[in-house]
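Take a look at the following structure, please.
Which chain is which? They are A, B, C, D, E, F, G and H, in the order written, and residues in each are numbered from 1.
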Amino acid sequence: MIETIFSRPESLREVSTHYCPGCTHGITHRLIAEVLDELGLRERTVGVAPVGCAVLAYNYFNCDFAEAAHGRAPAMATGIKRCRPNLIVFTYQGDGDLASIGTAEIFHAANRGEKFTVIFVNNAIYGMTGGQMAPTTMPNQKATTCPFGRDVETAGYPVRVCEVLSKITTPSYIARVTAAVPKEIPRAKDALRKAFQYQAENRCFSLVEFVSTCPTNWGMNPLKACEWAVSDMMPYYPLGEFKTPDDPLPAGLNLIEGDE
Amino acid sequence: MIETIFSRPESLREVSTHYCPGCTHGITHRLIAEVLDELGLRERTVGVAPVGCAVLAYNYFNCDFAEAAHGRAPAMATGIKRCRPNLIVFTYQGDGDLASIGTAEIFHAANRGEKFTVIFVNNAIYGMTGGQMAPTTMPNQKATTCPFGRDVETAGYPVRVCEVLSKITTPSYIARVTAAVPKEIPRAKDALRKAFQYQAENRCFSLVEFVSTCPTNWGMNPLKACEWAVSDMMPYYPLGEFKTPDDPLPAGLNLIEGDE
Amino acid sequence: MARVLMKGNEAIGEAAIRAGCRFFFGYPITPQSEVPEYLAKRFPEVDGHFIQAESEVAASNMIYGAACSGTRVLTTSSSPGISLMSEAISYCAGTEVPVVFVNIVRAGPGLGGILPSQGDYWQATRGMGHGDFRILVLAPNCVQEAADLIMLAFDLADKYTNPVMILGDGIIGQMMEPVEFGEMVDPETLPEKPWALTGAKGREPNILTSLFLDPNVLEALNQRLLAKYRQMEAVEKRWETYNISDNMDLAVYAWGTMSRIGKTAIDELKERGIEIGLFRPITLYPYPYEAAGEVASKAKKLISIELSTGQMIDDVRLAAPGREVNFFGRQGGIVPTPEDVRDEFLKLIES
Amino acid sequence: MARVLMKGNEAIGEAAIRAGCRFFFGYPITPQSEVPEYLAKRFPEVDGHFIQAESEVAASNMIYGAACSGTRVLTTSSSPGISLMSEAISYCAGTEVPVVFVNIVRAGPGLGGILPSQGDYWQATRGMGHGDFRILVLAPNCVQEAADLIMLAFDLADKYTNPVMILGDGIIGQMMEPVEFGEMVDPETLPEKPWALTGAKGREPNILTSLFLDPNVLEALNQRLLAKYRQMEAVEKRWETYNISDNMDLAVYAWGTMSRIGKTAIDELKERGIEIGLFRPITLYPYPYEAAGEVASKAKKLISIELSTGQMIDDVRLAAPGREVNFFGRQGGIVPTPEDVRDEFLKLIES
Amino acid sequence: MPMIKVHKETCKGCELCIHACPQEILVMSKVLNKKGYFYAMVEDPGRCIGCAMCALTCPDVAIEVGVQGTRYVLYEY
Amino acid sequence: MPMIKVHKETCKGCELCIHACPQEILVMSKVLNKKGYFYAMVEDPGRCIGCAMCALTCPDVAIEVGVQGTRYVLYEY
Amino acid sequence: MLTEVVMAGFGGQGLMLIGKLLAEASMDEGKEVCWLPSYGPEMRGGTANCTVVVSDNPVASPVINKPRTLVAMNRPSLEKFGPKVRSGGLVLINSSLIDVNTGRDDVTEVLIAANEEAQKIGNDKAANMVILGAYIGIMEVCTLDSVIKWMEHQFEGKQKIIDLNRKALERGFELGKAAEVKV
Amino acid sequence: MLTEVVMAGFGGQGLMLIGKLLAEASMDEGKEVCWLPSYGPEMRGGTANCTVVVSDNPVASPVINKPRTLVAMNRPSLEKFGPKVRSGGLVLINSSLIDVNTGRDDVTEVLIAANEEAQKIGNDKAANMVILGAYIGIMEVCTLDSVIKWMEHQFEGKQKIIDLNRKALERGFELGKAAEVKV
């Protein structure tokens, strides 16, 4: 008897994605689906798709889904989760979506401690619109809106979402992982599992950043893209857990007594 | 002969403000004006007023001024400063303006390293609109939209702007001061002087946060309000310099060679 | 229920609760802040939840999300805040979800002032966002009607799965008048929304989107929306007339607050034997063109009176093609007195 | 200068440079991203600066600031992005600063699709934000005209210290056609703007604001704006007519891309002896009502053809009061072929 | 000799200067100014050390400080 | 005995699995599938250790892994 | 019956509140009412006013340019609204703070030393209640009992204030009646 | 003169470019031209096409439903656009990749083995230039020289590519001429 030890998770539909060959969006999708399966959450999950390459994510996941406006997935997720706290809600957002136009929404969702999970795909570029500079684009990296390479003098340095969000006081789970390195995939899945688990326990906001690739707009083949993610992105975007809900609160909080 | 050692700075107009008695907005205004005078910048300065109690700031300063949309002063200042780099540009923003609706704009202005100065007046409340909760409102502090006190379970913990912005890679000057304690006023002015000086040297973005008061909406007399700022706000909003342009860059940046 | 004296803004909040609304996502702005403030106090009594959003952009997308979850939900704002909501309103229309927006209009453009205005008429009735869509616009002229229309708005939003907007002004929001509320609707008893996002348990996943890459599918959406709008135009037009007779010296067109000022002026002139009728659209979209046209046909002259530079004139022209439509209005937050309006009427009639 | 073959989006970028614009603040969105991409490459050659904003909200407020500094400045976007700019556009109008916006319209509502549409007509001509204001709207129908109108737009913006919008569609942006540019304007030679924020050296401070708490002052602003709009209506109306004769079977109203499709259909039917004239407004606001009405008076029937569900119909009705205005349009990004349009004309003429 | 001048009509009566003065020589008036506020006054000008703490603290720039001759700063923080 | 199955028509030919396999037993086809891609194939199934690295890495869930009997994981990272 | 009153004074004098009580009491007695505050940008220290319309029929315009009656609690208010009162109307002047009058002979003026009377009763802050009482005493828009009932409702649980206010209302009412004005 | 051509094929086959070169060359020779790409959401691996209109008079509709000519570089393109070509029109088929034809007898079909010809010259990638050359050879919309000039302009500084493309254009032109078609 052959026992299948690896196959398509139930939470992922049996369809081919529109993603380019070798794009890590696909791996990230599958890992989320596996975690939803393993935690038995599929039937009470609602996903919120971004505007970005993952705009059609709702065609790939086998659960309820909403399509947000560009950058506003965390606001939309807030609306859904607050109204139906028993649902498991996640957003899936690119770096343009989350770290540029949606900065206020992600920051305040994290700060309010909204109890949903954010999957943040950092591929250092605007994939869907054809390769414009993202807030996470690396110094000197070329993109269609910085054809001579990102100039840190005028465009600043890349935004490090995990580093910044983990400075928020409100307890949360913040981790950075990658699916671009096979060996790191189990750890990535582990972070996702924790994120959804914390949500299921109604504990906190959770965000998992994926250091990802965009072979098409980087102009590299998929393997080269994975290597570039390791060599050029990861030193600046180190993997790891940046915050857990058990981290101590900062000093100076007067939580016991009310103030007038 | 009597030598005047303290009088109204030239950069401040000879008019009475609309601020409530004892509101620290007035002190902050004067300190900015003194620094502009002392650095000789008045005639090339453009201020950007927020939407908030300081919405009429342009009536009080003796320099060119623009009135921004709520939260968008950093974007407006970006437009002005980029077009006329020889100007000295500053925004003056409240906590609702800067840390709520304007989160994306302040974050990205800092991240791009826009070379203007932000004066951030944190009075833990929406003053102008009548005392609603701000992102900086303290836990359990009452406001008209949290009549039972800020509940950290649903509204999260107060936002600490300096702590968060100082995590941005792009070099900048970030400091927190107060004008609510007489002894701290010289230090506050010092921070302002540095901030404008760095700008005048075209070095970096600068932000000075003032832990401020709102006697009217806090329902306290001015002195009590100052005491409350010390006792209830400052432990959580500690004074000091959070970032200077000489701080080292994080590891992982590949700035020498261009990448494809 | 007995009549209680309430501010318009508070009555709006209470009426929403009566309509079964338990969630409010919003951002403070004068002159509507009493709505969130009222609800922040009142909601805990009915297990409702007020969430202060970080901005109007966020608030509007929160209520978009809330509506997707099948929940009755409200946000209120005023002019600049409504502009910031326009992208989300377009998304709500495209996704076909029911949401209720309230705009307590203030004088513009830009930051403008905080006094009453009707200067967002065009935006609400035609340009509430990008793309081919319309929202139902209801305009109360007193606190009681504000409360009634809020309750109606929720029903209409659900009926058409379309955004509905209440367009008031600072006076509607700030004024206190007696108000009697309808029966409390228990949110649990509202009809199920099978399209809502509630978790795909025992059914195929529900997907709510406004993205349709296939132009044929998007055109089909546009046609479906158009059919809804035609349906609204057929059955949802609401209006009030006052002192209409067959041979009027003047027909006055006014909505919201201005209609009341117009009435006082009409009453005064009636005492002098001058017959003036008033037409007040209650739905600004769909605009009651036929009824408005009929009133026009009975009057020698027409005038539109507004707290703007004259945004409703075109609709009156469309209702009464070929007729000259006069105008009187004040801007900047100035509300004309009945005397001003009366004098204007007289001048026009005598000219 | 020789003619060069260029995409509409690129031509818009180049024309802005020719007009003396050296600053662009914008955010990517299909189908206009070639504008920022072109300028990001081209600007360094003319000491210009492209700044990628974090969002359309930011971009629009950046250009608001840039305009306050007295600089010629541009941003371009597409439908959802334009909605996000509506608050800032209202501020620009209220502060009376000159700015040029380009909307390369895509099909909506909501996220919709990225194919061509004319569904933002209402928004641009009437509801471009809260409050009582209007913006000048110019609608090119080819790449050359897009370039010409961009240069004109900067002049008109300066002349009226008012926002000007170019309303195109995906075809205008994506199509390549030969284009010849006007003379390069040296930004240094542009007239001084004494109201601009340049530092109060040797003069009283300049203050640029749209806030006027005194309703009388705000009303005065509203009246000043109204006077500007009346002036625009008097002298800035632009239009094109095609094949107009005294006894037309049909008058066609179309703007932008649709006018070209209409022309081909008209030419085809002319060969069959059917006389159809075309009226194309180039300024959508101010709408050339009189000229449009005159054309109507020469035609048996009227039709508006649009890439929307019919947003210009009301303007045609206002131009030709009492006349029936027929409609043909496609939505969702579908552009009808000249054959479709021809058949529609025939059907209407024969009915 | 240092001397301060409180602009009676500029003062909004917030009392912050009263508490800032290390010499405790400022008091509030018993009569209202035109704006309707009690205003600050120097009770004992001779003890003024010209430290300008009052002026530094005044949100309304209602206090001017002048000195004649040498200035001693006698207090310490 | 472990065995993997590459769904020929699902594969987009990105080659990531090729590099992920510690046993280096995957290769690309020489012919195109219906989508127009060269697809991955197992060259030497006998050396497969069922580690599923290939499947873990595949962005298109084109690889299924099964085992029969005991499974040995022989490589180390 | 149709009466409009503008109640105007300093920000802290409690004019909004007495306007509201008047409206509530009248509503309670079956009248149609409308209360409209002056609202505007916080200009601290400015004047505050509200308009109350009480009528047998639905209230048409909530905006009243020429009110039939005026309650002026400070001088700026009298100066601003005094000239607008309709001919034949009533002007109630808080003579504690206002030492002038309208200078008109086509309106009836009644002087009430509201602050002094309130002080006599125990607290100057109740001046607003004194003048409201006087207004009711003269105008008979509604009964004193209804006003007291709604005042009690407003201050529920704060017995001290209720007692003070009741006394002030009653004293004002007396003064109003004593004025023997017919409007 | 008025010609429309739809050029269609796989995403990477360079159809947009040859359409552009055709338009540029024709413009250079004084014609009115219009080039319109199919643009749409990135659906990777799909077909890409552009329409080029060349005319003596200003181009009216840029949207062409029934083109006079078609260049089909792959089978899906032929299947999609073949039926739309006007009666009497021309269909250029890349026979290297397409083993069917339109099945119509009211259009002229010319088969060009573009990929093979390009491979012979040196690189399969120049197939687009082969077919463009052939198109010019048949239709004479503009001269080969103009096309070469604009091709050189396009690849300025990349001499190798220029040489390859020139050869491919010339070879195609030859084949086009040789086809002896009159349209």
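Assume a contact is a pair of C-beta atoms (placed from the backbone, for glycine too) under 8 Å apart; a residue touches a chain by one contact, two chains touch by 3 or more.
Worth saying up front: this structure is predicted, and the values here are computed from it rather than measured.
Novice: Once you count every C-beta pair in contact for both, which comes out on top, B-C or B-D?
Specialist: Of B-C and B-D, more C-beta pairs in contact link B-D.
Novice: Quick check for the class: compute each chain's Cα centroid; which one is farthest from the centroid of subunit D?
Specialist: If we average the C-alpha coordinates per chain, E ends up farthest from subunit D.
Novice: What is the distance in Å between the mean C-alpha positions of subunit A and subunit C?
Specialist: 39
Novice: In whole angstrom, how far does the Cα centroid of subunit C sit from the Cα centroid of subunit F?
Specialist: 61
Novice: Would you kindly tell me how far, in whole Å, the mean C-alpha position of subunit E lies from that of subunit C?
Specialist: 55
Novice: Please output the residue numbers of subunit F that touch at least 2 other chains, ranges allowed.
Specialist: Those would be 35.
Novice: Which residue numbers or ranges of subunit C touch two or more of the other chains?
Specialist: Residues 30, 49, 51, 54-55, 57, 80, 87, 91, 95, 110-111, 113-115, 209-211, 213 of subunit C each touch two or more of the other chains.
Novice: Where in subunit G do residues touch two or more of the other chains?
Specialist: Correct list: 40-41, 43.
Novice: If we count contacts the way the header does, which residues on subunit C are in touch with subunit B in the complex?
Specialist: Touch list, subunit C to subunit B: 27-30, 33, 36-37, 40-41, 44, 49-52, 54-57, 80, 110-111.
Novice: Enumerate the contact residues on subunit C facing subunit A in the complex.
Specialist: Against subunit A, subunit C makes touches at 23, 25, 49, 51, 53-55, 57-59, 61-71, 73, 87-88, 91, 95, 197-202, 205-211.
Novice: Please output the residues of subunit B touching subunit D within their complex, sorted ascending.
Specialist: Residue positions touching the partner: 42-46, 48-49, 55-56, 58-59, 61-69, 72, 75-80, 82-84, 87-88, 104-105, 107-108, 112.
Novice: Name, in rising order, each residue of subunit D that touches subunit C in their complex.
Specialist: Per the stated touch rule, the residues are 57, 79-80, 82-84, 86-87, 90-95, 105, 107-115, 117, 119-120, 122-133, 209-223, 225-226, 308-309, 311, 314, 317-318, 321-322, 330-334.
Novice: Considering only the defined contacts, which subunit A positions touch subunit D in the complex?
Specialist: Residues in contact with subunit D: 51, 55, 67, 69-71, 96, 100-101, 103, 126, 129-130, 132-133, 135, 144-148, 154-155.
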